[in-house]
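First chain written, first letter: the chains are A, B, C, D, E, F and G, and each begins at residue 1.
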Amino acid sequence: MQPFQGAGYDRAITVFSPDGRLFQVEYAREAVKRGTTSLGVKSVGGIVLVVDKRPTSKLVEPKSIEKIFQIDDHIGAATSGLVADARALVEKARMESQINKITYNEPIRVEGLAKKICDMKQMYTQHGGVRPFGSALIIGGVNESGCKLFETDPSGALIEYKATAIGAGRQIAMDEFEKKYSEDLKLDEAIELALDAVYEATEGKTTVASAEIAVIDGKDRKFRKLSDEEITEHVEELLIRKSKEEEEE
Amino acid sequence: MQPFQGAGYDRAITVFSPDGRLFQVEYAREAVKRGTTSLGVKSVGGIVLVVDKRPTSKLVEPKSIEKIFQIDDHIGAATSGLVADARALVEKARMESQINKITYNEPIRVEGLAKKICDMKQMYTQHGGVRPFGSALIIGGVNESGCKLFETDPSGALIEYKATAIGAGRQIAMDEFEKKYSEDLKLDEAIELALDAVYEATEGKTTVASAEIAVIDGKDRKFRKLSDEEITEHVEELLIRKSKEEEEE
Amino acid sequence: MQPFQGAGYDRAITVFSPDGRLFQVEYAREAVKRGTTSLGVKSVGGIVLVVDKRPTSKLVEPKSIEKIFQIDDHIGAATSGLVADARALVEKARMESQINKITYNEPIRVEGLAKKICDMKQMYTQHGGVRPFGSALIIGGVNESGCKLFETDPSGALIEYKATAIGAGRQIAMDEFEKKYSEDLKLDEAIELALDAVYEATEGKTTVASAEIAVIDGKDRKFRKLSDEEITEHVEELLIRKSKEEEEE
Amino acid sequence: MQPFQGAGYDRAITVFSPDGRLFQVEYAREAVKRGTTSLGVKSVGGIVLVVDKRPTSKLVEPKSIEKIFQIDDHIGAATSGLVADARALVEKARMESQINKITYNEPIRVEGLAKKICDMKQMYTQHGGVRPFGSALIIGGVNESGCKLFETDPSGALIEYKATAIGAGRQIAMDEFEKKYSEDLKLDEAIELALDAVYEATEGKTTVASAEIAVIDGKDRKFRKLSDEEITEHVEELLIRKSKEEEEE
Amino acid sequence: MQPFQGAGYDRAITVFSPDGRLFQVEYAREAVKRGTTSLGVKSVGGIVLVVDKRPTSKLVEPKSIEKIFQIDDHIGAATSGLVADARALVEKARMESQINKITYNEPIRVEGLAKKICDMKQMYTQHGGVRPFGSALIIGGVNESGCKLFETDPSGALIEYKATAIGAGRQIAMDEFEKKYSEDLKLDEAIELALDAVYEATEGKTTVASAEIAVIDGKDRKFRKLSDEEITEHVEELLIRKSKEEEEE
Amino acid sequence: MQPFQGAGYDRAITVFSPDGRLFQVEYAREAVKRGTTSLGVKSVGGIVLVVDKRPTSKLVEPKSIEKIFQIDDHIGAATSGLVADARALVEKARMESQINKITYNEPIRVEGLAKKICDMKQMYTQHGGVRPFGSALIIGGVNESGCKLFETDPSGALIEYKATAIGAGRQIAMDEFEKKYSEDLKLDEAIELALDAVYEATEGKTTVASAEIAVIDGKDRKFRKLSDEEITEHVEELLIRKSKEEEEE
Amino acid sequence: MQPFQGAGYDRAITVFSPDGRLFQVEYAREAVKRGTTSLGVKSVGGIVLVVDKRPTSKLVEPKSIEKIFQIDDHIGAATSGLVADARALVEKARMESQINKITYNEPIRVEGLAKKICDMKQMYTQHGGVRPFGSALIIGGVNESGCKLFETDPSGALIEYKATAIGAGRQIAMDEFEKKYSEDLKLDEAIELALDAVYEATEGKTTVASAEIAVIDGKDRKFRKLSDEEITEHVEELLIRKSKEEEEE
């Protein structure tokens, strides 16, 4: 246990601990760490978002476990943490996106949108009577300045990544990215890398049924969820790749 | 007792525990677990909602124990947990449904309605001075994209199911569904399955008088509560089926 | 003492206990249990409301101890628990009734009115800075769909009864109803049954002076308090009946 | 000490104790019990209000210790408890009375006025951030339906009395009333009875200077404070009566 | 220490102690008792207000230590307790006085003004999130009904006095008044009595420099602070009188 | 430690201690005592304000450490305590001053302005959810009635001084004033006295660089900060004077 | 541990400690001390802002770690502490800057802008229900009166510096400035000094990739971030300089 934790400094978002920390924000991050693993990879050809959404029961409609959301034509988000909090943020994002389109008659910039979400998150870390949002978002999109991939956490901090992961498998996925990421990846290679990372992070439990994949193509700037056929193809290639790797070891 | 529970992190909805949990939401789920067993099954022919509403006294008007509510022509909901909370949510749902009809001149989508209810629930988990809703809803309906069956819990999470159950008998009913559910069930077979599950979950105490059954037909998209005669027929078939099963064992 | 009671989960209406209970609502029910015994009986000829209102002092004007209130032409209510809370609810009911008449130009439905009262009660169980209403109401009335008898408790739950009782003598009165109630009672028989139940619940202390009786006739749909003469007649019959019963034992 | 008192259930008006009591209301009643003795007696000829207002110092202007207030032409009130709270309630009463006169062009009914005061008191027992009023009022008046005498306490409960007393000497005065009150008292006899009761309640310390007497005559329906001469006459008669009684003993 | 004091009943103005007391009001009275001694005396010729305002340092401008305030042409006030609270009340009083003049085109009645101040004080004893005013006021004035002298305390209670004192020397001054006050005092004799009382209450430390004296003449109904020359004259007479008295002893 | 301090009476501005004190106001005064030493001296020729603002680092721009503020043409203020609180009060003062000019077309009176500041301070000592201002102001100015010098403290009390000091060196400076102040000082002599007092209060550490001096001339009624040359001259004279004094000792 | 810290005086911004401190402000300063090292240096040729922003992972887009922000054409800010808080303040600053431009048709003064930010910070230290901003800003800019460099801290205090540093390396950087700063530095020399200070403060870990440099030129009054080439050049010179220094030692 950290110094000061549990000494009463950790019950309200309006209280700093003596060493200048906001425990409630840190606890909200724990809620994210308990969530499903979501990943984003930036390539020269576009953005890839991948989520591992193994259902807890076969009675659940797998299509309905939505962890990747379209925000606008050119922007998508992968989430982890409290699902109702994530949905509230996604709705906020869609609204901001529409407001921008109506006000300025042009698509919102990816960074501009990510900042709006972070501003809302920051508000919930400084004013009493609320709790921080218990979810993180990977926001990816393409606009005139190219492909963009952001991660927001419960504090409202905003970081741009080449490749990133949130949720339970974050650490393993990030290690995988550190080893294999290269800036000249093509879109298909980015999907491959993301699936590799999901595979490792879930200890090989990723299946065709549990993978959700979306891309925002760098050229036509359109968010698109991959079809079941496409996912099957990618996952089957992944499994072949992994079984080869294991043989080689 | 779980770590941190009872250490003061569980008195307000605005406080995360050190491991990132919202205890008040979890306690509200306990209120649902104390409630009557409600079930929903999706079939190719429509949605079935069944509730076991054995009255606590014969002085109670059995018709008045309403656990299945019509929300709109094409949508119904089965509830469990605090009854006054459920009624408040049902009223909210009816209002949202009417607003949609007036605003867009078309019936609300089942998922759209379910999300509205979940958004309201989420609000009650993030802002101080209130408590979460102590009730879960199974929301079923039929619209252009087909039959839909959702479950909402006190956190505001939304999951689409093929078949699901809430309340005291949830676990037993879900086990029954896992064993017997198939995606090509016809509407009558779905009623049969739901009654089987209620029977198991209530340890055989379900009677003609205590079963409440509603269907939303996949073709005419109309919510309809079964008449006493229909229920009697279904329950009698159930009892014959069960006594046969027991003989066979 | 129940688990968790007294462990701090019972000081605010916005806090669930770990087992999913709302202690403040349960404590408000205790306030009702400390109140006078009030009863309602539904018959084929109309609704009967009876209250035992023995004054604590002969200096009190017995007429002024009002426990049965007319809500509208066709609706009345018998109360138990905190008297000031009950009066506030009765005023709310009268207002809702008038609003309905003005808005729709027709008398409010009995169930519709009962739900309005329950909605108000539910609000006081979910939002901080208030306490639940410490009173229960038996609401009886007659409208197109026939005679209706509802009971509301501090949680905002609403149950329709054939015959019911609230307050200190509830259990004894309910036992009496379970033994003697029949659905084909005529109005006079219903008064008789209600008086029997009051007599038992008050250990025979009910007198002409302490009984308050109101009926809503099924035909003319009018709330009417019985005159002193009528009450005297009914109570004298009751006492003869009871002395005979005792002789027989 | 009562069970639960002092266990933290008694610090806020929004908290019920486990046995369904509102301790803050009960404590507010203690504030009334610490107050001066005020009495009201109903007679065939009108209402009598009497207060014992012995000043604590001869430097105080006795006329200024106002415990009996005129509310309207036909209504008066005698108070006990926190004097500033009483004054606030009296002002509220005067305002409601004027509003009624302006709105309906007729004098407010005594019971209607008493209910308005009680509604305000009830509000202060159910909403947080305030405390209950620490004063009781005896409200007397005459309107078309005859003479009326009400008592309100800090809970907002309203009881109609033939004769009543509040404040430190309540119990003794009530005993006196129980012994001597009769419904066919004339106005002068009612004053006599009230003074007897004050005399007993104050252990004979009531003097011409400390007695404040008001009547609302049943015929002209006018509130009137007795003049010093009238009070002197009544008190002197009282003292003669009492010295005779003592001789007789 | 009194029963219940320090047991947590004394931290908020919205909490009664079990014996019906408001400790925060009583503590605010202690703030008054720590203040300078202020006095008021009513005579046949007018009202006298006297304050002992010995400065704590000779660097202080003695004229600026204002403890006697003109409220209106015909009303003044002497204060004790928290000086900033007193100033806020005096401003409120001046405003109410002007409002009355503008609204009714006549000077405010002294009692009416005193009640307005007390109403404001009462509000601060019943609603949470504030504290009571920590100051008492002696309000004196002359209107058609003659000379008036009121005292308000932190509870909002209002008492009319012939002569009164507040602050540290209250008890000694009141004893002096009890011994020497007579209702047929002329204005000059009232000043003399007030100075005697201040002299005693301050153990003879009152000097020309520290005495502040104001009168509201009964005839012209004008508030007027005495000039330095007048004060010198009165204080010198006082000192001669006192040295004589001491010689005589 | 004082009685009651630390016993929980000192955590909120809305709580009196049992002996009638407001600890949070007293603690705010401690914040002032930790501040820089600021002084004000009234002379026949005008007001002098002096502050010792030794920077904590030579990297600080000495000009920017503003402790003396111009409020209006004819008014200035020297502050001590929390600098951000002081700045907020100074802005309030400037705004009030402009409002007065616009509303009445004449410069605000010095006392009027000082009272406005004190009213704001008082508000922050009586209403919950805020803390008192942790700064004191010496407000000096000249208007038709002559030179005026006021001191405000966190309680909102207002005292007019001939010469005064706030902050860490207050006591020493006041002793110096008590010894040397005379009412017939000329403006230059007042500057000299103020510098002497600063010198003593800072144990001789005052230098040309650390002294900030402002005057409001009694004739032209203009606030003016002395130039570096003027300050140098005054401080050099001070140092010569002091070294002589030391030689003499 | 300091006296009073941890004794409950440090949980709310509205509570002074007995020694007049605001612990929550001090804890917010700790949040700044945990942040990256940011520096500002004023030269005759303009303002230099430098930040050490070593990314925690090579997957982070280094460009996106923005610690230096353009506020207006002529103003920039370097931040340290909670990044989301800093972003909120920067947005506030940009808005204030635009409002000034629109309202007065001229660029905002640097000091005026810095005060606006500080006013907002002060508000968050005096009103309950919020926490102070956990970030400090170095605000630099050029306007008619020349080059200006301010530092704001969580208390809302504002200090103008010749050279300053915030964040983890503040003390080492300030020591470096104290040793080497001179008021006649040219712009290039100021960059050199700032980089020297960053180098020392980060124990030599500053690289081309981690240094972010911005200047506001004194002549054209334009904020400009240095290009990668310029930074490379400056950092390479720094490393040569430092390796020489080490050889010399």
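Quick note on the criterion: a residue touches a chain if its C-beta (ideal position, glycine included) is under 8 Å from a C-beta of that chain, and two chains touch if they have at least 3 such contacts.
Keep in mind that what you see is a predicted model, and the values were worked out from it rather than measured.
Taken together, subunit A and subunit E share no touching chain. At the interface between subunit F and subunit G, two copies of one sequence, fewer than half of the residue numbers in use are shared by both copies.
Mean C-alpha positions place subunit C and subunit D at a centre distance of 31 Å. With centres taken as mean Cα positions, subunit E sits 56 Å from subunit C. For the pair subunit A and subunit D, the distance between mean C-alpha positions equals 70 Å. In subunit C, 13, 128-129 are the positions where the chain touches two or more neighbouring chains simultaneously. Contact residues of subunit A toward subunit B in the complex are 5-6, 10-13, 23-24, 27-34, 57-61, 63-65, 82-85, 87-88, 91, 124, 128-134.
Across the complex, subunit C is touched by residues 7-9, 12-22, 115, 118-119, 121-122, 125-129, 150, 155-164, 174, 177-178, 181 of subunit D.
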